[in-house]
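The letters A, B, C and D name the chains in turn, as written, and every chain counts its residues from 1.
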Amino acid sequence: MIKFENVGLRYGIGPEVLSDISFALEPGSFHFLTGPSGAGKTSLMNLIYLGRRPTRGLVTMFGQSINDLDRRKLTPIRQRIGVVFQDFRLMNHLSTFDNVALPLRILGRPETEIQNNVNELLEWVGLGGKTNVLPPTMSGGEQQRIAIARAVIARPRLLLADEPTGNLDDDIGFRLMNLFDQLNRMGTTIVIATHNQAVIDKLGHPRMVLEGGRLNIESTAQKNWIQKKIQGVF
Amino acid sequence: MIKFENVGLRYGIGPEVLSDISFALEPGSFHFLTGPSGAGKTSLMNLIYLGRRPTRGLVTMFGQSINDLDRRKLTPIRQRIGVVFQDFRLMNHLSTFDNVALPLRILGRPETEIQNNVNELLEWVGLGGKTNVLPPTMSGGEQQRIAIARAVIARPRLLLADEPTGNLDDDIGFRLMNLFDQLNRMGTTIVIATHNQAVIDKLGHPRMVLEGGRLNIESTAQKNWIQKKIQGVF
Amino acid sequence: MFVQKDRKLGVADGKRQYDLPLNRDEGSGFLILLIALMTFLAVLALSASFVLRTMGDRWSSGLENKLTIEVPAESANETHDGIVISNENVKSLTQEIAEKIRHHPAVKSADILSDSEIQDLISPWLGEDVSLIDVPMPGLISVQLQVTTPETLHALEKAARDISPTARLDTHETWLNDLLRFTGAMQFAALIITLIIGATTFTAVAGAIRSRMAVHKDEVELLHLMGAKDDYITSQFQRHALTLTLQGCVVGVLGAGIVMVLIGLISGDTGGALIPDFRLGIVHMIALFLLPVAACGISALTARHTVLRVLAGMP
Amino acid sequence: MFVQKDRKLGVADGKRQYDLPLNRDEGSGFLILLIALMTFLAVLALSASFVLRTMGDRWSSGLENKLTIEVPAESANETHDGIVISNENVKSLTQEIAEKIRHHPAVKSADILSDSEIQDLISPWLGEDVSLIDVPMPGLISVQLQVTTPETLHALEKAARDISPTARLDTHETWLNDLLRFTGAMQFAALIITLIIGATTFTAVAGAIRSRMAVHKDEVELLHLMGAKDDYITSQFQRHALTLTLQGCVVGVLGAGIVMVLIGLISGDTGGALIPDFRLGIVHMIALFLLPVAACGISALTARHTVLRVLAGMP
């Protein structure tokens, strides 16, 4: 579904932040993306959601090579991707409802469908009583939940989440991870960048580790041993 | 040093976010502030760093009751407080160096002193090679470290940090917690709001727990049992 | 300044206007004010330029098309001091010029003034008692023209000079030439000002849209990344620019109208033929009404172009 | 538009100017342009108003201070058609008015026109051959004044009317009155425009500062929370407003100067006394130079006031 081949990225004239990144994501897969701060997790996500073109290498999305695709042809690809940004990127002048409804509106869905879907999802992430509130008057965790709701509302075929639980307590954090898991079971491919070891351990999906601009994919089997050990403790 | 008596806060005509908050922080103390998302941690910090006046109740800071203090008299109090905001609040047009130097410049310190102190601290938080970079081109964790450096550069007598390690991996997270500990040993009073159970457990300072708008302070003794248990595991 | 319509989304009535908070930008009222002022000044300057042209035309054509040709009694030909020419000589020269001039197509009539007529004209300067025979008398031809044009005047002057090199044209209206020159300068200034104003408005709108693009760059980029088509984004800016310009133009044109009526009231009842009323022809009216229409069109296009260019820079 | 000085901080040379990115705001060039345009127009309008006043003064005083008082041969007193007064009666009335008027301080001389003089004046209308004794002759007094002022004219008219109610003042210059009225209206318009421009500039600067305050509210609040004194923040905005206004004013005044020189070149060599040159007195020059100075002062104060008010709203 998504294939990177020898992809490299540099910002301006700086050093290569990502070099020789090669991987393929199967439809319906679920990966964690980890690595120390500044390793390039956000940068890699940026490449996947087409926020930037790579400096070199081949990128294939949904079977189309995007390297020499026309600008306009990227629009339908983008509509199939949901993103939770590390810094949320909410529209501060739009209410919680309208922020979450935005992807549906861009797709031109009928307003009644929007009304139902959005309200249901907001209820589910614990923001049912805050549909008409503006993001700047909400707590960090609440904003993060809006960002997550917005990313999943249009049932994207690919979901990218950058540190989606950094501002959430463990309870609501696991609840949202379950939401991702549920989506994954319905066929959505998922990549989550996170530092939260507890979450990674609990869900046990394979890890993509970025270090020094290179990417390693650790199999699930490798992790199972540690996971078992921890579960045995409690 | 800081005393809240029956403090309440409501935003506009909404419900009371904080009610009957009463506590006192001794000079040189270190507390964690926890509670579920939306409990009011950021709001309480806001009251402490004088970003808002409480709706009711008495607040005493550094021995002065601030309830009927003139606006201008608050300025020297503010200069003694360092804050790490949950959303960083960096100046996007200023370089890393200038962001961190800002508190010293406001205090009118000589430029040579600024130069030395800032460079040393940036080195320490792992941003030595990024002094001339603008915040928007940095990773989430790098920005968070700038925010922390800015809060501590002027050796404040009170340090407030709101979720200061949410975007950091455990390594650099503990390193910064050590920085806070060090400052604390030199006399700075510290309050850190965090969801990160690992950090709370490891350092073992008393917890202030916000729940339903009320505040409970859990003694260190209470936590010690759990902490020991965990340490025994590894 | 203007009632801000509630653009709040989330109401399922299909009235959704903006995803971007364009209408809440602080600068909007300010831009409207600027456009209003520009329109106001442009309408005034343009009207002034029209009025001045009408005025100039009327002055140069409406006054009696009369002039006098003087054949002095001195000839400056030979010496510095001039030689006095005999009265008979003057008379024959005058006769000759009159004959020649009469055939010019622009000349209605050319009459030689009689001695007594000349005496009437001269007496205020020389006194009643001086006998005409004692002084050298100039020859005078009173000419009535069909229309006064600079070309005709030049032709007549040349014709007269060919016969008597010292002949002089006196249009009685040198001050009018001054006035016409002045009016021309004013008209020029008015047009220059209109042009400057137009350019400024254009720059202002383009600048404002560019600045709004900059302020909302993150939001625009977000929409783009979510898969919004270029048109989805462009149309919001376009509608915004159009609305602002329209509001500004209406205010400006109304203001200018009021001021013009005021000026009309103050200067309008002069009644004299010299100063025409501040009434404009139908062509001018149309030109004045095209001004705001053009402004709206230009600013919508400017907005579209500006936004598309920024969008083209996004991956 | 203007070379942006490098305000980058972190260089230990004490040249630190702004913590806030005011000088990088997109709107700056635009505001400079606006202020330049406003200054340009204000200087032009003010100059025009001065020139018009000078022109009006010269026209009303500079022309020959002559007028004629006519004592008609008909009295409109009793009947609609009027009664013809005997020539002797007219003569005595005329004499009486002339005597009375001579003592008015503004009157230099007042001469009664002789019959032959009157005939000279009338002959163009009645023909040379009509004997004066056959028609009722009006009495005419040629008056030379020191200066022509409306008050003098009114006084003279009243004096004449006291003696002969049908007496009429003829200044030969009714068209001049029209012109003066027109000039007055133009002058009024120029002043109104200057005032509107001033108000707009004021609003624009206040609006721009308020909008910058809004854009940088978070940053200002941050500085405030870090313990920055009000002055620390205010002075940055103040300096910013001052810089922008100064740049705008310089451009505007220069532009206006160029246009005035241009207009002077086009209309300046008229040489006629009727249209004065576009030369301004020293007082006017000072007034024109005070304009930008006042603009700078006002905008610095506006900025200070605006920012202080926002800061006062912070806890």
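Heads up, the rule we're going with is that a contact is a pair of C-beta atoms (placed from the backbone, for glycine too) under 8 Å apart; a residue touches a chain by one contact, two chains touch by 3 or more.
If you're wondering where the values come from, they're calculated on a predicted model, not measured in any experiment.
Trainee: What chains do chain B and chain C have as common neighbours?
Mentor: Looking at chain C and chain B together, the chains touching each of them are A, D.
Trainee: Which chain maximises the distance between its CA centroid and that of chain A?
Mentor: When every chain centre is compared against chain A, the largest gap points to D.
Trainee: Go ahead and note the Å separation of the Cα centroids belonging to chain A and chain C.
Mentor: Centre separation, chain A to chain C: 65 Å.
Trainee: How far is the middle of chain C from the middle of chain D, if each middle is the mean of its Cα atoms, in Å?
Mentor: 20
Trainee: What's the distance between the Cα centroids of chain A and chain D, rounded to whole Å?
Mentor: From the centre of chain A to the centre of chain D is 69 Å.
Trainee: Distance between chain A and chain B based on Cα centroids, please, to the nearest Å.
Mentor: 29
Trainee: Could you say which residues in chain C touch two or more other chains, in rising order?
Mentor: none
Trainee: In chain A, which residues are in touch with two or more of the other chains?
Mentor: none
Trainee: What topology does the chain touch graph have (line, ring, star, complete, other)?
Mentor: If you draw each chain as a dot and join those that touch, you get a single closed ring.
Trainee: Please give all chain pairs that are in touch with each other.
Mentor: A-B, A-C, B-D, C-D
Trainee: Going by the contact rule set out above, which residues of chain D touch chain C in the complex?
Mentor: Chain D reaches chain C through residues 25-27, 29-30, 33-34, 37, 40-41, 44, 116-117, 120, 123, 128, 174-175, 177-179, 181-182, 184-185, 188-189, 192-193, 196-197, 200, 203-204, 207-208, 210-211, 214-215, 259, 263, 266-267, 270-272, 274-275.
Trainee: For chain B, which residues are in contact with chain D within the complex?
Mentor: Of all residues in chain B, those touching chain D are 49-53, 71-72, 74-81, 83, 89, 91-95, 97-98, 101-103, 105-107, 111-112, 114-115, 131-132.
Trainee: Could you please specify the touching residues of chain A with respect to chain B in the complex?
Mentor: Listed in rising order, the residues of chain A that touch chain B are 11, 34-38, 40-42, 86-87, 137-142, 145, 162-163, 166-173, 195, 197-198, 233.
Trainee: What residues on chain C touch chain A, complex-wise?
Mentor: My answer: residues 8-10, 12, 14, 16, 19, 21, 24, 218-219, 222-230, 232, 312, 315.
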